[in-house]
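There are two complexes below, and they share chain A, which is joined by chain B in the first and by chain C in the second.
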Partner chain A sequence: MTSSVMDVRNELVRAPDRKLAVAPSTPRLRPLIVPIILLALWEIAAHTGLADPRFLPTLEAIAVRGVKEFAEDGLTSDLTASLARDLLGFVVGASVGVALGLALGFSRLLERLLSPLLLAHRQIALFAWVPLISMWFGGGEAGKLVFIALAAFQPALTNTWQGVAGIPKIYRELSRVLTYDGWDFAVVIALPGALPGIFTGLHAALIYAWTSTVGAELLLDIAPGIGGRMNEGQHLFHIDLLFLCVFLLGLIGMVFNLIAGAAERRLLRWRRS
Partner chain B sequence: MSSLAQTFDSDAVKHPLLRIQDVSKAFIVSDRRVQALSHVDLDVEQGEFVSIVGASGCGKSTLLRLILGLDTDYEGAIRLEGRRIERPGLDRSIVFQEHRLLPWLTVEANVGAALRQIKGSGAEKRARVEAQLHLVGLQSFAKAYPAQLSGGMAQRVAIARALVTNPKFLLLDEPLGALDALTRLRLQDELLRIVRNRGATAILVTHDVDEAVYLGDRIVIMSPHPGRIASVLPVPKEMSRDRSDPAFLRLRDDVLTRLGVNKAAAVYDRLLEIPNEQRVH
Partner chain C sequence: MFSGPIAGAIEYAGRATNVPRRIGCGLGRIGGLAQGLIVPASLLMAWSVWARLGWLPEQILPPPSEVFGAMRDTIDDGTLLSSTLTSLRRVAEGFFAGAVFGLAFGFVTGASRLAESLFAPLFLTLSQVPTLGWIPILVLFVGIDELLKILVIGWAAFIPVALNTAQGVRDVPRTYLELGRVLSLSRLSTLRSIILPSAVPSIFTGLREGLANSWQTLVAVELIASFEGLGYLMAYGRQLFQLELVLVAMIVVGLIGLSIHLLLSLIESHLQRWNPRGQS
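This part shows the complex of A and B:
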């Protein structure tokens, strides 16, 4: 019954799209149109000499560099090093963030004590911590991990906290009517109710951690990793290597996004009507 | 009250199940004192279905909150089986106007959520939930999520959740108020059947006078500013639950008149009178 109604609604929603579609049979390819045009312009500029190839390499040069790097120069191990660093920092920062967010959401006292501090912390740019972190933890692996964890911590904390705080009053009242104790309230109402917020936080933390991984690799000591290779590309004037790394970073970020989105849809399927 | 009277009272042959004695309750709204309830007295007998009607602001819902034990800051006393109500308890349950189902739980888990503080094996609880869903006709929707249900179905799940604990007292706070007219009529019959079958005691707060007369054994009419009981009308036992029965209509009009909405009734009467006047002339 519901599904047939939904089908009709989908039809209604899609119908005008079909009329407007540039390529009527493949409306799903439309998001690719602008990137393809930009890449084409890039190719033309690089080949016709409109742009200096030392600063804007051709796409095939980047592709050749990619094949070479992966096959011979160990870009795979750099990639693995970056990913390992990223995930470790993410796990540490996000766990602390979610845990503290839950504590703040549940305890009025803790919220009063810590919220001014956390609010102030939010106003400080992440990169402002770099000098301090490198002095306290060094520019090596420990410093990098702290930096990445700090990046993942903030969105995980804020969204979890808001998630618990945002549980509607009527559900708190329901928990009283059903004579719930603290445990029942947490398990049946607060945690599942905060889950969308927690996911938003984890999703953002995943992206923040990845961007700050490169940041840490570029700003702190040089070490194996994508950032390290970019440093190398800059110093040796391997512009194609730089572009290759940028592409890889974007690609991995997108993969993270897809994974997080899929996990969210799967775990929050009750939100679908 | 003397101690002798108290002893006598607690030993009385038959207590009313619920006794509301001289209950007053005030709120402070932006530095002004608003008297939500003023000297409310009401006894509800075991197995009785009491309808409370009244304009908004007459304190109907406040009274339900006090009976639930969500708010204990009031004057007077509310006793359930002689014991003062101090906190929410599973001997009382409520169906709110909005269903208040937890969107992340399936239908059966929502009903089962009311049993968490009740002792018993998982299998036993599952059987109770299943029986309850059967009673409201939703056994085939046990695994559905609230977002997949219509308003009427969701409210039936809320009714099942309120009944699964086997409460002595069922509080209904405009439970059908948000539903369309047809669903409301159907659910009124369902409520009547379910409550009668169990011999449960119920208080229904409603805006709908028709519903109050249709479901109630007694109709409590409340008036606002300050919220108080204006009158209590018994619904004759022998009166049929037929909405077009003259006795039903008379009672309904009586309630409406007491609520100050007698316009419709007056027009109706005048229409009936015209032929008589013509006959005279």
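This part shows the complex of A and C:
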């Protein structure tokens, strides 16, 4: 291969968000081989009695449970409850995080004052806040929301702050040459410059919020929600319900990732050109 | 990183856990440090004054003296040390298991297109489930003993290690590999003298994220199911409404988190010294 062809190829392989990134020679169905084999083994084991059906229900059984749950409005309301909790916490935590991140990025004084406190806060594992939050806000809805917001807050803050801090020095100098005031600098230079960081932060916050929603529902008071159903499934040994819930958790996580990725690409398209 | 939009998303989510370098540097400056102490010091002062004036109910925030008392008590009777050691052992075991498998998986999927197309999509799909979501199922399968903790903590470490190792191996510059072929290096020497050194920064990123994830997950899994460890100490303190015990455990969790962070920064700067390209 000539070097220019190599370059193009490398370029394609690097771009993480292009379909072409999958090697052109890869047959499209190949990723399905292993999952299909595993699912087939699962079916065989469940049907022949090789595996205890209490632990490994047949796939039909899980599907039937799913249809029943959604038809009888069992899981539908739980799903809605979890998502509402998740998104509300995300919106609150992420907005505070982005706002504080921008403030820290703009003000040296604020940064010096607060960064040790925020650094210390970062070191405490997120879930270590759960007992404290549950004592302060209770284990009910308020406690869960505070915890989810806290989870979304951290990545939104960190990445926004980093985004503003990462604006090239030349731009800052340019704004001084053009005698921009603080507001012009913020609107024309800082915000667009920090946008990729902010989106990265929001994306991560979305994922963190979802993880912590599951954690809050498992750790705090039992309430309607996927986590509550998983507690129920564990205590009643309803393994079909558990597999169903895990499937839903993964599905929602994936949807969040896809939405956030698509939004990022669309909103940041102007940077590519 | 693995190809596809999801992989990109995971990459972002993973990257976001990195501390901005600027914070670390900012802390290094002595003047900044003094200014930085203003807010924590005034908070501490407000806390003790309010507690002394009786404005803070003990269920909300016990006075600092009581927190220090609880710390002294738990140090004296050995609970704090034994809880800390239990937690550290669990993290070490889980992280080690996850990292070993993650490195192996990352190497294979990074080096072989076939392996990547067979296993990466399945792995990426499974990694979309929040780690904690596996706990209720795993409890039924393996009980709530040590195996549960190792599996959950290990999986939390496995994901970033595998992703970043695969990326590092895949991104070895082609020219280096061609040079290796020109020099007719054996497979083993290619691995040792070309692939490994070139992939080290990325692998290290993976290990660092993996360790951070392990630590996060440890606290969660100890809160959910355990009878010893720092997470258990917190859950216990909460049940007895002994907030000072909860705060002591939080302080230790924070200190260990900080030590992990500092240790890794130290190792990283050491690694970067010989690597001319620097961290990606």
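The rule is simple: the second predicted complex is superposed on the first by the 234 of 273 C-alpha atoms of A that agree within 3 Å, B and C clash if a C-alpha of one lies under 4 Å from a C-alpha of the other, contacts with A are read in each partner's own complex, and residues count from 1 in each chain.
As a convention for this text, a contact is a pair of C-beta atoms (placed from the backbone, for glycine too) under 8 Å apart; a residue touches a chain by one contact, two chains touch by 3 or more.
Owing to the predicted nature of the structure, the values given are computational and were not obtained by experimental measurement.
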**Asked** Given the superposition on chain A, are chain B and chain C in a clash or a fit?
**Response** fit
**Request:** Going by the touch definition up top, name the partner, chain B or chain C, that contacts more of chain A.
**Result:** C
**Request:** Could you say whether A:T48 touches chain B, chain C, both of them, or neither, answering first, second, both or neither?
**Result:** neither
**Request:** Using the superposed model, determine the angle chain B, chain A, chain C defined by their C-alpha centres, to the nearest 10 degrees.
**Result:** 90
**Message:** Taking the superposition on A as described, I'd like to know which of chain B and chain C A:D184 touches: first, second, both or neither.
**Reply:** first
**Request:** Look at A:P192 in the shared chain and tell me whether it touches chain B only, chain C only, both, or neither; answer first, second, both or neither.
**Result:** first
**Request:** Classify the contacts of A:S115 with the two partner chains as first (chain B alone), second (chain C alone), both, or neither.
**Result:** second
**Prompt:** Which holds for A:E173: it touches chain B only (first), chain C only (second), both, or neither?
**Reply:** first
**Request:** Give one of first, second, both or neither to describe whether A:L242 is in contact with chain B, with chain C, with both, or with none.
**Result:** second
**Asked** Between chain B and chain C, what minimal C-alpha to C-alpha distance in angstrom results from the superposition?
**Response** 17
**Message:** Counting contacts the way the document defines them, which residues of chain A are shared by the two interfaces, the one with chain B and the one with chain C?
**Reply:** none
**Item:** Residues of chain B defined as touching chain A within the complex
**Value:** 68, 70, 87-90, 93-94, 96, 98, 100, 102-105, 113-114, 116-117, 145-148
**Prompt:** Where on chain C is chain A touching in the complex?
**Reply:** 1, 3-13, 15-17, 19-20, 22-23, 26-27, 32-33, 35-40, 43, 59-60, 113, 117-122, 125-126, 128-137, 139-141, 170-171, 174, 215-216, 218-220, 223-224, 230-231, 234-235, 237-238, 241, 243, 246-247, 249-250, 253-255, 257-258, 261
**Fill in**
Listed in rising order, the residues of chain A that touch chain B in the complex are 2, 170-171, 173-174, 176-181, 184, 188-189, 192-193, 195, 268-273
**Message:** Taking the touch rule as given, give the residues of chain A at its contact with chain C in the complex, in rising order.
**Reply:** 6, 10, 13-14, 16-17, 21-23, 25-27, 30-31, 33-35, 38, 55, 109, 111-120, 122-132, 134-136, 155, 158-159, 161-162, 165, 200-201, 203-204, 207-208, 210-211, 214-215, 218-219, 230-231, 233-234, 237, 239, 242-243, 245-246, 249-251, 253-254, 257-258, 260-262
